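Each chain carries a letter (A, B and C) given by its place in the written order, and its residues are counted from 1.
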Amino acid sequence: MKPMIKVQCIKHIYRDRTEVRLCGMDFIVEQGQRVVVLGANGEGKTTLLSHVLGLLKPVEGTVEVAGMPPYENFKETRKKMGVLFQNVDEQMIGPRVYDDIAFTPRNEGMKEEEVDEKVHALAKELGIASLLSKIPHYLSGGQKKKIALAGAMITEPPLLILDEPFDSLDPQSKEEFIDLLNYFHKKKGTTILLTTHDMNIVPLISDVVYVIHQGHIVLKGTWQEVFQQEEILQKAHLKSPLLVDLFLGLQRKGYPVSLPATSEEAKKQLLTLLDK
Amino acid sequence: MHLADIDYMAIHQKSIFHQSKPLIKTIFVFSLMGILLFSSTIEKSIGVLVILLLLSMGAKISFPFLFHLLAYPLFFGGLFSLMVGGIGTKEGVILLLRAIGVAWSFLFLLLTTPYSDIFRVFSFFMPTILIDIFLLTYRSVFILLDSVENMFQSIRLRGGFHPGHLLRNFKNFSKMLGVVFLYAMEMSERMYQIYALRGYEGKLPVTKESEQRLTIGDVLLILIGMGYGIGMVIL
Amino acid sequence: MSHIHIPDGVFSLPIWVGSYIVMVILLLGALYQMKKNGLERKIPYIAVMAATMLIAMSIPLGIVPLHISLAVFSGIFLGPMVGFVAVFVVNVILAFMGHGGITVIGLNTLVMGIEVFLGSLFFQQGWFQQKNSIFWRGFFITFLTLFISTSLATGFLVSTVGWEFVIPHSHHEDHTHERIESHEEHENYEGSIHIDHTKEEHNESNHKEALTEVNYLFFSGGLALFIILLVGILLESLITGGLLAFMMDIRPHLFEKNHSTKER
């Protein structure tokens, strides 16, 4: 099966003459995978996403989405993607929640009855049916994220791309949002590609993790494999989650523990250890 | 900036006129404007203001806020009515009533109708590209206002605006505007990108009104409008 | 700067209808050009520029009863057609909020449209380019543009409705009451001296009174009016120059005409 996304050593020059490169390992996202891209600020995460979205064209290297270069085939590739940018206020275009969610299918010429059915069904799935007649500006950050997610998923695209989606969310909203992403991944087989700073959520939402540092992809693997590379993470100005750090320490001391994804798993393992 | 308060009241206040159809309210308001602009008697103009007073009470509009918004047309209307003939003359009074009346009519519309519904009515006679610009401008004002207010407070707290230093104030003011403009420009780039990704090709499709039945507010506005119009013709 | 805060009913029908007709023709022309040149991607740009102008207009300058409009600046950055559309949007929203009458939208758009057009023209033609500093270039272009537009607007208002309509306003409501009260007092005084004056004389004396009521610092009357307008023009020119200098410092590539880009 062809990979959903493939990026090979790209270079781009911005209007203000800033040059950015992204090389190192090939960046590959297989169909049905959940991929998280980690990296400190300014390391190249947004540049990578912009190329994948077809917003930037590389002056060197190749980018393919569903087998096509996205910049040249923007109209085709954009139909395969749902997108969530960091600042959802800027991406809400509909005057009311209903209009915002219905935006893409209407643009694609879908019949109004069909649009109505889809919007109501999806709003129900996401728990935002009561917000459909509201004006987005007055809603909370968590509600806006869900609306933006609905807007991105309404046409059931095979690929969902999110840029720092957990910023400005409180812990409960974060948890709800992660559950929703995993729901789409499980139920509809959606491929997910997201960037984040929040190391704690990586175990909850990833199959593969990439780490970018100074325009190079320096690590690739499962979150367990990546978080064990402490030295490389440190060079990339990243730190593994507290629990993972703790359990890595226990592993080095010879304790038979595995790296926990959640505090529940960690608790269980610790209690088992203490019982022994 | 009153736009945020006006918008809040239009959306969150509940009254029979908030439930009325935007198209009927718009036609009503333009009719009132026509009556005011072409009326040559004080009584007819006062009649319009009485109607607006009763409608504003029915719409539960905050009168202190409304009169604050009417301060501009009141001041200019008063000033120009003095010039035209003096505030005691017929021409002066009509001019003053006209200025207040037209402004009040449109404020009644703004305070009882969400902006998206008003612009949807505009779409009957304006090109869609303009409607898109109006809708996006309105959204952008709210997004930028938050940034501007924070920035203004931040500069004040850091001594950037000081009564005694005019030149420094204007320098800092220019820089603040520059930052706002830069942010606005970059925001517009991001907005365009996301809209393009969501299939935008030059028209913002907006939900058409599904409810065809007239509400009590609609009936009242139609009756008042027709009644006043007929009354004006007869009298 | 030249946004006219005249309420509805002041201008006669031919004037406001005529200005609307001219505005609509120019607006449709601008929109047609935009569609033809594929400038729809500028739609968010126009919207945020209009929003920025609205916000800038809501900030009082303090030392003069005027506010900046950024019309010249928008002409420089958006170009004449796109800038004209932004100015129209701003005027409609302002009129709905009671700042200037609905029937005056046409005239206001044309006046501010002149600023957009001239600002864009002078900048593109490289006027004042011998001044190395972009600040001074922006300053002189804005000053000249606003001087022309303000003179044209003033001349138009004077010839159609009278001097008093050029009198600027204050953002402070205390002044509102002071002015109206002082006008009334003045009127009563005049009435007690000229018992048999005709209506025209009464109007003319009211006009002169209105002008003499204009005070700024140590000046009054027409001189005060001139100084207020001049100070307003100077301030907007300084601010626009400062803005351009800031943009040149932070984003110099925006001033380059042809820059190759592979960006959507």
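The rule is short, and it goes like this: a contact is a pair of C-beta atoms (placed from the backbone, for glycine too) under 8 Å apart; a residue touches a chain by one contact, two chains touch by 3 or more.
Everything numeric here is computed off the predicted structure, so don't read it as measured data.
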{"item": "Chain contact topology (line, ring, star, complete or other)", "value": "complete"}
{"item": "Pair with more cross-chain C-beta pairs in contact, given A-C and B-C", "value": "B-C"}
{"item": "Middle chain, criterion being Cα centroid separation", "value": "B"}
{"item": "Farthest chain (mean CA position) relative to subunit B", "value": "A"}
{"item": "Between subunit A and subunit B, centroid-to-centroid distance (C-alpha), Å", "value": "41"}
{"item": "Subunit A-subunit C separation of Cα centroids, rounded to whole Å", "value": "47"}
{"item": "Between subunit B and subunit C, centroid-to-centroid distance (C-alpha), Å", "value": "20"}
{"item": "In subunit B, residues with contacts to at least two other chains", "value": "136, 139, 143, 187, 191, 193, 195-196, 201"}
{"item": "Interface hub residues of subunit C, defined as touching at least two other chains", "value": "251, 264"}
{"item": "For subunit A, residues that touch 2 or more chains besides their own", "value": "55, 74"}
{"item": "Touching residues (chain side subunit C, partner subunit B) in the complex", "value": "5-10, 28, 31, 34-35, 40-41, 43-52, 54-56, 58-59, 63, 70, 73, 85-86, 89, 92-93, 95-99, 101-103, 162, 164-165, 167, 169, 173, 176, 179-180, 183-184, 187, 199, 202-203, 206-207, 210, 235, 238-239, 241-243, 245-247, 250-251, 264"}
{"item": "Touching residues on subunit A, where the partner in the complex is subunit B", "value": "53, 55, 74, 78-79, 81, 83, 85, 87, 89-96, 98-99, 102-104, 106-108, 135, 137-138, 151"}
{"item": "Of all residues in subunit C, those that touch subunit A in their complex", "value": "251-253, 259, 261-264"}
{"item": "Interface residues, subunit B side, partner subunit A - complex", "value": "7-8, 11-12, 114-116, 119, 135-136, 139, 142-143, 187, 190-191, 193-201, 204-207"}
{"item": "Complex contacts: residues of subunit A adjacent to subunit C", "value": "12, 14-17, 54-59, 71, 74"}
